[in-house]
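In what follows, structures are represented as structure tokens.
Both complexes below contain chain A, partnered by chain B and then by chain C.
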Partner chain A sequence: MLSRGSSPRRTNRFAATGIAGVAAVTLLAACSSSGGSSSSGGGGTTSAPASSAATGGSASASPTGTPVLAGGNCSSSSAHITFWAWVPGMSRAVNEFNSTHPDVCVTLQDPGAGTGEYVPLNNALKAGTGAPDVAEVEFDLLPSYEIQKYLVDLVPYGANKYKSLFAPWAWSQVSQGNAVYAMPSDFGPMGFYYNQQTLAKYKITPPATWDEFAADAVTLHNQNPKAYLINFPANDPQWLMDMMAQAGAWPFQYTGGANLTINWTGPAQQKFAAYWQKLLDEHAVSAIADLSPQESTELDTGTLGGAIYSAWAPSYFAPNVKHSVGQWRAAALPQWTAGAKVGTDWGGSTYPVFSQSKHPAQAAEFSEWLTATDQSWSIVKTPPSSLFPTYLPTLQSSSFKALTYPISGTSQPNQVFSAGALSIPLTTWPPFMTQVLTQGATTFGAVVNGKQTLMQAFTAFQQQETAYAKSQGFNVTT
Partner chain B sequence: MSETALRPSAPAVTPPSTPGKRRRRSAYARRQGRAGLAFVTPFMIIFTLIMIAPLGYAVYQSLYTTKLIGGTSFSGFANYSTVLQSGDFWDGVIRVIIFGGIQIPVMLAIAFFFATIFDLGVARWGPLFRAVYFIPFAVPIVVSSVMWGFLLDPAYGPFNHLMNAIGFHNFNWLSGNLMIPSIIIIAIWEWTGYNCIILYTALKSVPRDVIEAAILDDTPLWRIIVRIKLPMVRPAIIMLVFINTIGAMQLFIEPTILNNYQAGVVTNTWTPVIDIYSTAISNGQYQLGAAMAVVLAVIIVAISVASLGFRGRRREQ
Partner chain C sequence: MSAAAMNSQTRRERRRRERLVERDAAIPVELYGLKRGTVTALTTCCVLFALFTLAPVVWVIINSTKTQSNIFGSFGFWFASPFEFFHTFANLFRDIDGDGTYANWFLNTVLYSLSGGIGATVLAVLGGYGFARFEFRGSKAFFAIIIAGLLVPITLVAVPLYLAYAKVHLINSVWGMILPSMVVPVGLYLMRTYVELSIPRELIDAARIDGASELRIFLRIALPLMVPGLMTVLLLSVAGTWNNYILPLIIFSNNQLFPVTVGMGLWSQHAGNSGDANLYPLLVLGGLVTIVPMIALFALLQRYWRGGLLLGSVAN
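Presenting the complex of A and B:
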């Protein structure tokens, strides 16, 4: 489980600290085994398609000491673009771009997932030198870079002509006012991911509404006091906020500038909190860390019947599945209003161009090629990248929807997730999401322990976030 | 049992000269002085660049505040006032003091016990066991924390199975009440071997004639250990208390890793260093983080000075 720290889709940042440490150990081992193979010039070798850190060649020439995974053999006449990303298998797309764009030469480096990349990225941006031209940045963190004016507006480089090619939620995430600050790549529409056999055992069919869901959770737990329909990971603010979006209880409004709305205590938010607190009180849901070894094992062994997961779940969860291969199915999210079709998103990445770039036009060209061409998507949708596209031509293609995965047998989970992808309520993130996620993990963690109710935690969080935002100079309204 | 001449507290090399006041120094002494300066300079340059300068910069930074809206401005001691009034920060300080207050004495007692056994030479394969006990110290703390995380895992860890088997149901080693005891166990596992080796070396340096005299006086073995050997290795023990205290105050890796196995116990302010990390890195408040680091450093220096004062007082007796 811990070795999944390099998941492309999402990172649990607090956990990533530890994971990065483990990854660093692995990386050190990889470096030492390839030590001495230092090459002159651009550094690194043109990696084979299935490149990994171990085959990435020398790190000696890179400013961050990070292995070069693709590119690196640039001719002096081409524009040199440095690109940071942690999605595995990205070197395949970079090599394809380099071979079809002789005037641009992209060098790919992988500084590590999440924090592994953001910390050196933030340092380089603050220092004013050493940042890449293009880097992978998750949706929720884009406003944090926008507010510090670290990003290049891509509109002058033709970004708007791709607008119609993307899922509306994804495009709204990368735009602020008239500017477009990144190109969206993958995302994670959410659904109810369940073990068909476990649910059949308890005579439960995927619930259509949250009322049915609550009843099913109680039914299952009454039949087997050791088992639960799902885990409620209160400690994971990202999951929680994404579920709030679906419930029409999104707690932040931010569209740039100094004004920020924070609302964790309104009627919609309290209704959401009360719904889950009731299930927690009835012990109808378990409350353990999500994406943890324990959760994976309980899903695999049937202690948990399912999970509210996202489109990337199959590839994230699959390596840990031993007993339940082929039994997993995806269903649409339960609805707050019967008959509605509201989805939500969990995670996903964008590719902005940084203002330090000396070749913004070429960097934008690369970012647009990577996210908005069939050529690129034919590569990055396949393993090991397995990106779930915001790019409509791929998202809506029948071949993508028909993909099957060993863990889900002959079923086609992308049918469900693709449908959910177009009904995601628009959301805006506060420009300090790392603070929200770390503080949230602590504040909502107290709910997992039973020290606080979810409603109390929401009230506490309202105060904590308001205090932090004010200390950062924002005008806060509720 | 022959290397009795080595004493850790004795200076290994006597200074080349001890010039008296106002006495003209010989040409030889001056040459020596210049040579000494030449030897020391490279170290001092690097020490200044990577230690003193960043330290000064941190103190300088701690006097400023950067806001996302409004930019950077001089804020005097505002950051320090925030730290001193932060209940979370002081809760963390108290937590690591409790942690160290239990972990260090228990670990030193175990380490002294094993060091004595090795020193007495009663155990067969002594060198082998010394090496075995030292191995945990050679395992990176991140790796050992991950390993212990799986051992103590609430649902599937063997240690929880063990507790269930002997009648403690729903036992959780990583629950809110047991997180500190569990980390104490991990820290003892990690550090006992290292402390044992230091104490073993110190015990080896206890003069043999003292012990022989005691044996001739028919002193019982336990009295030799407790009344003669233990006092004679006190400088080593005080040094270990000192080093371990500094380490305990900076507790970070173990709780951070264990947080991946048990949600909601380790908060973002659980220890002072975790608090500094989340303030600086997650919250982007580098200057407030710098102020917290300065306050923590002052606390550590205060504890160190107190322990050195204790050492000095005991020496005079």
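Presenting the complex of A and C:
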């Protein structure tokens, strides 16, 4: 659930900057060593740490000395797995797993959402002790853990047999060369989520292309200078980058190793920036924080006609809806080329096994059960978890697509989001996303304040990211 | 009329008389050399500052009675129905969504603060007395090193601290929280200063001449004189541990061991993020419950503090 991380990450990141800053320091060392090994082809063995290989076979020898955890009714002979996640309601799935797998005992801990989890996780990984066996890691952060060799390759534990069960974008995110570093769980195909009564009031139908979208945004604002078609949350780098992916303007290329491409200033990127800057200049879109109480209120009261949302976003929005219950509809994203069907993803999480695990086989078994079984999905797709599946049997089941929600009346928003789930352009994240998100929030904040244009911010960001990547030892191309 | 009632009446009478005496004894402001206008301006500033400081507390008290939608939807400084205080209060004792229970975190905070605070006070009293009244080789250097500890912010040493803790198995251990909370350099510094100002050397020398052992001198003569300073240190160190966020955030990943600060920090992350849980009322009420013991502690102990200040400054 990714982006449940996205919002907390943004708020928390600043609180935790003091501690988080240190995490970056180690990248350099890790990077230089991985640069060496990855030149050998990035095969499955590069990431299999000695410890996991050595203990992989002897599962039931449970070591003592672990801190006292609320282990429930686990027997002492079972393998003890520590699991970190912040998805609400996850304990239901853990209990189900424990009751059906007597030889494994999973203990759920929730040290925090987003950065709240990553900081203690990074500390424990660095200390060489205290890390969980399995933890929730968002798609965009996964390469940061891969490059530091903290993850167990799941291929020896049978991960590849699940490949066909997942949306192609999700599987590409967790695999690198021949290795699979995590099991994908949920994600957030994006769409245009709108209030049909508000739009009808302004005689607007969901736009099919971004050109129509821009025209509609101007039309609406001209009719009511206090209202906007959507909010443009430029200071949320995740949202921004995901929108760039749909525009064919993805700014990073990274496939492991020491080579990295950063491109915020190419023609596609500048075209994307110019499109939104024009709408900002015309005041045809608002610019406030996304997923904020303010945004929810403005959506609910009709100040905003809709939002470029992900599949999970309505579950964030729903509790704040008072006036517009039943009026919400989902439509496919507007397209840059008329007639195309390009989607994009916002957020989502994976469940990697960490190389500190003393029971990698059981940890992998749990991760695979959690993400790739009907049993697990029957639980985690329901509130309060409300995960949107990368797992195709659930994603494509007619019962899932036909789900209705009070805020969207009798409409079936999952029909739209499920369709978008299979047309997501492949994206690769730089292995220092924490820094990208922190720096991005600052740099793009200037756009929201009107102090810079989006093009200027992209140019500044190009320089900032290039300088940072070089300081971390990467060979940067543009 | 019963004796008790009569008693209380006379007590009230006496208090009234005392207050009158106090008022007569109060020095008219003119005598301070301040003009009435200046006094009014300064008073206004003080009142404004008091309002500024108290407004958030008042907000917390009022909003602890509201539902989540009313917290955001209704006027912040007045009540709105339904009155949800007791319902929310009951939820403080429930495990919300597998994150842990507020009541459990609260007991953890009490445990960490009391054991850390008492330990810190004991160390500060012993150390402060030692540094103030004994000269030994390197005493100045030792004291300087302890004071230097004041200058290192914990955020700076967070990662080294974690790595060291991991080596000695203090991660996810209550001792990892309690032991560092017992080291409060400010407390030791305060106690040293306090001893120097309030326990004359001559008094100790006289006791030595009378043949009292050093332990006896400390326990029977010095310690009673140090009580006001000791209470100040106790108050500061308990409050310091009570409010500590960074240390437990670093060393605990087990939700069962969280203190209130980290537990509520977790809730506030979830409240902003997962729309399905009604966490804001819990955050508001949890915050209120968390400050009540600190207010009570200050109210109880502040007379020692005042006594301490007087002892240092007024010659009887």
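Definition applied: the second predicted complex is superposed on the first by the 405 of 478 C-alpha atoms of A that agree within 3 Å, B and C clash if a C-alpha of one lies under 4 Å from a C-alpha of the other, contacts with A are read in each partner's own complex, and residues count from 1 in each chain.
Everything that follows uses one rule, which is that contacts are C-beta pairs under 8 Å (C-beta built on N, C-alpha and C of every residue); 3 or more make two chains touch, one makes a residue touch a chain.
Note that the coordinates shown come from a computational prediction; the quantities given were computed from them, not determined experimentally.
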Note to self: One more residue to check, A:Ala227. First (chain B), second (chain C), both or neither?
What the structure shows: neither
Check: Looking at the overlay, what does A:Ala289 touch: chain B (first), chain C (second), both, or neither?
Finding: first
Notebook entry, point to check: Where does A:Trp86 make contact in the superposed view: on chain B (first), on chain C (second), on both, or on neither?
Noted result: second
Next item on the list: Considering only touches as defined above, state whether A:Thr438 meets chain B (first), chain C (second), both or neither.
Entry: first
Next item on the list: Go through the superposed model and pick first if A:Val180 touches only chain B, second if only chain C, both, or neither.
Entry: neither
Note to self: Looking at A:Pro384 after the superposition, I want to know if it touches chain B, chain C, both of them or none. Which is it: first, second, both, neither?
What the structure shows: second
Next item on the list: Figure out whether A:Val447 sits in contact with chain B (first) or chain C (second), or with both, or with neither.
Entry: first
Next item on the list: Examine A:Val104 and indicate which partner it touches, taking first as chain B and second as chain C; both and neither are also allowed.
Entry: neither
Next item on the list: Take the contacts of chain A with chain B and those with chain C, and give the residues found in both.
Entry: 18-19, 22, 119, 293, 297
Next item on the list: Would you mind writing out the residues of chain A in touch with chain C in their complex?
Entry: 4-5, 7-8, 11-12, 18-19, 22, 65, 67, 69-70, 84, 86-91, 94, 108-114, 116, 119-120, 123-124, 126-130, 132, 291, 293, 297, 315-320, 322, 383-384, 386
Checklist line | chain A residues touching chain B - in the complex, by the definition given at the top | finding: 2, 13-15, 17-19, 21-22, 24-25, 115, 119, 122, 147-148, 233-235, 258, 287-290, 292-294, 297-298, 431-432, 434-435, 437-439, 441-442, 444-449, 451, 468, 471-474
Notebook entry, point to check: Which residues of chain C touch chain A in the complex?
Noted result: 68-69, 72-73, 97-100, 155-156, 158-159, 162-163, 165-167, 169, 171-173, 246, 249-250, 252-256, 265-266, 269-270, 272-278
Checklist line | Residue numbers on chain B that touch chain A, as the complex places them | finding: 67-70, 140, 142-143, 145-146, 150, 153-156, 175-176, 253, 256-257, 259-265, 267-269, 277-278, 281-284
